[in-house]
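Two complexes, one shared chain (chain A), two partners (chain B, chain C).
On to the complex of A and B.
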């Protein structure tokens, strides 16, 4: 029973991190109609830069601040160079971001190396949860940090002028333009924020995952599943679906095995596509 | 006619590879109402989108208050004093009424918004915190007009503002437009209802197959039933 509780908690912590990354994917898709195939690699760059930042400065806090800021910059440059020139032909954005993803992977392999590494958690030890379950402290901290970042993003989207612009452009970019909203700037900053979220997810996840140039390839399908189950462009739905997926996989892994858990996730996604093609949480759009 | 506030000279435009506008000219003097008429598909909405900059004019020129805006970015045009109510209202259904109203204005306190709405749109004032998509079509149209007025435009462009609206609200919306015009804001109005357009407009432009085919006062159009029938497919109301 304790194993199931621990795996469910692992699923929750990992789900919140996935939610952060998938949210970036969803916000980019919702506003620009771009399927950012390089999004998993943005996450990977986040884990690698976290490792490098801790290696150089010895401080995880510095990594937590600087790496997402670098993510914003990476996103802005990507939007200008790899997205905007081909935005009128959506299929080309898939090609373009796929190429970018390969460049990021090979760039990391050439500089950081192909050997997977581990980053020590900045907070060690365990805590005793109700029921006597011993649980890794950092995973709880990671879950809290991811949840806080998700809430901050939703507050930003609901409470700020720029957030309102993002919601307006997502619905109707032409009308937004006729109201004086600088749509191209909103698109650039949205892509930038999406990338920043992925790199932030990378920093938070780095101590509980493997720092490896292939990490993005592994995480991308889960993010896409979360976006599809939550509903394309539905941000709260995406976040909820990511947590649902990760908790389900965590529990099924405990009862059966990890392969069965992935099969269950795929079945869930297929069922949603058949029964609720607009997503499990259609109608809860922010 | 006095010096035009908006002047469109011989513009052409395409949507994709399809030429939609071939040669459209019109002028809207300050403090006047110009009706843009024509059958469905002749390019009325495309002409307005060119004026707003969401479709690029491939030829001709557009000037506003004496400045050439043909190549000006679309999002910079409202700041010059051009308000736009698009066809189909163009409200953002998932945003609240207040958020919709604030989209086009910067640094305006909520109290100012409510003050501005108090007299002219009392129904909206009651619904500021409501999602815009939950309102009726007529209320959404009033919201679209109120939102355009929030920017204090010198020219208000309305694309079929009574389309799909309940009959009892149509007259109310037309009354709003007449009040707006009376307050000194120039109006460029696309309207399917010929009688309503002729009643409110100081000047009418009729389009045919991507070109402006007639330009003159409503009385001149009324005086030529054959022309009306040829260009609009209807009799004089």
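On to the complex of A and C.
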């Protein structure tokens, strides 16, 4: 029983982090129609930069602030170089982001090295939860931080002018343009925010995963699953699906093993794609 | 002279050069390129299967590695477990990939672009994880190694893959046949139906084309081509492994296709050849050559969105004044 609780909690923490990354993917997809194949690598760069920042400055807090800011910059540069020129033929963005992913992976391998590393959690130790379950403190902190970031993003989108612009462009690009919304700038900023979310996810996840240049290709399918099950472009749906998926996978891996759990969630995803192509939560669109 | 005849003449020259490659490379004392060339042919065939779906029917598949994997395991399991000869094992591999594509296609072709791309990845991931798990059958992570049976064994006439030149000609023969088949397909009524579906689903259905059926046929043929490439790859490496079923392999097929020129017959193979040659040339010089491959990929997409073959055709049309 205790094992199941711990696995479900692990799933929750990991699911909230995945939600953050998948949200970035979904924001980019919903607004630009771009399937960003390099998104997993953005996450990976986040974990690596977190490791480097902690190594250099000794402070996790600095990493938590600086790395997502770098992510915004990385996203903006990417949009200008690899997305905007090919936006008219949308499928080409899959290819250009694939090329970008290759560069990011190899860039990290060339500088950071090919050996996976671990980052020590900034808050160690365990806490006793009700029911006498001992649990990692940092995982709870990570879950909280990811949840907070999700809420902050939704608040940003609902409450600020820029967030309203984002919703408007996603809803109807042409009308938004005639209303004088700077669509190109919104697109740039959206890609930038999407990348920032992925790098932020990377920083939060770094202490509970391995820091490795291959981490991106491993995490990308899970993020896509969350986006699909939640409904393409449906942001709250994506976040909910990520948590649902990770908790299910966590509990199933307790009974079977991780790759069986992955097969279960992939089958779930094909069923969703076929039966409810607009996602499990269609109708709850924000 | 029309653009078509220029391209035909060039294709013929290319074919002659490919057939003559073993003695030529031997004479230049760079025999090692023969193995690279064999690999290029196989990957070019895989890319052409992605191209059939994307370039001709307008469906972006990110799951061709699945059918590639079925062809690969069909050969490996046929030879290693059932003790089949080379040709029956290849038959098994292709039949397995055709069967898988026929079943997966029933579901996949009902969806279009984003959804289609994603369901093809999902299917291929399911079987990738299954292949990892079913260690007794597939060898899991370690893969399956086997000794390749002879291509031909008629008394004194015995051809084996052990000889690099024989192996090359064997692969070349099959790949050329597969491309010839695709060329025929393009000119056929079915090929025109593919184009009609790509250009406008609704218009095509008003013309009396059964869109779902046409898509399904294309999906199965593409699965068979990918399976053939996988079968050849298993024979080439005497090895099958789940790593070649991961979605990154499907992604490469799409990248080669777009780089070479989606929709053209030889574009995908040209794209595969270019990137593999770059890899072979640069990997000896600089360990981190994927940085250049990535940059090159972005550059081609930005500056030559129609790919190499597409760009060539545009240039040809301009030079010939049309």
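Some points to look at:
The definition used in the following text is that the second predicted complex is superposed on the first by the 286 of 286 C-alpha atoms of A that agree within 3 Å, B and C clash if a C-alpha of one lies under 4 Å from a C-alpha of the other, contacts with A are read in each partner's own complex, and residues count from 1 in each chain.
Just so it is clear, contacts are C-beta pairs under 8 Å (C-beta built on N, C-alpha and C of every residue); 3 or more make two chains touch, one makes a residue touch a chain.
The model shown is predicted, which means the values in this text are computed figures rather than measured ones.
With both structures placed on the common chain, the touch criterion links A:176 to chain B but leaves chain C unconnected.
More chain A residues lie in contact with C than with the other chain of the pair chain B and chain C. By the touch criterion defined above, A:232 lies against chain C but remains apart from chain B after alignment on the C-alpha atoms of chain A.
Contacts of A:81 after superposition: chain C is touched, whereas chain B is not reached.
Contacts of A:167 after superposition: chain B is touched, whereas chain C is not reached. Judged by the document's definition of touching, no chain A residue lies at the interface with chain B and also at the interface with chain C. Against chain A, the residues of chain C that register as touching in their complex are 54, 60, 107, 110-111, 113-115, 117-119, 121-123, 125-126, 129-130, 132-133, 247-248, 251, 254-255, 258-259, 287-291, 293-298, 301-302, 305. Interface residues of chain B, counted against chain A in their complex, comprise 49, 52-54, 74-79, 84, 86, 90, 92-95, 99, 102-104, 106, 147, 151. Across the complex, chain B is touched by residues 161, 164-165, 167-168, 171-172, 174-183, 285-286 of chain A. Per the touch definition, chain A reaches chain C in the complex via residues 35, 37, 81-82, 85-86, 89, 91-92, 94-96, 98-103, 105-107, 109-110, 217, 221, 224-225, 228, 232, 257, 259-260, 262-263, 266-267, 269-270, 273-274, 277.
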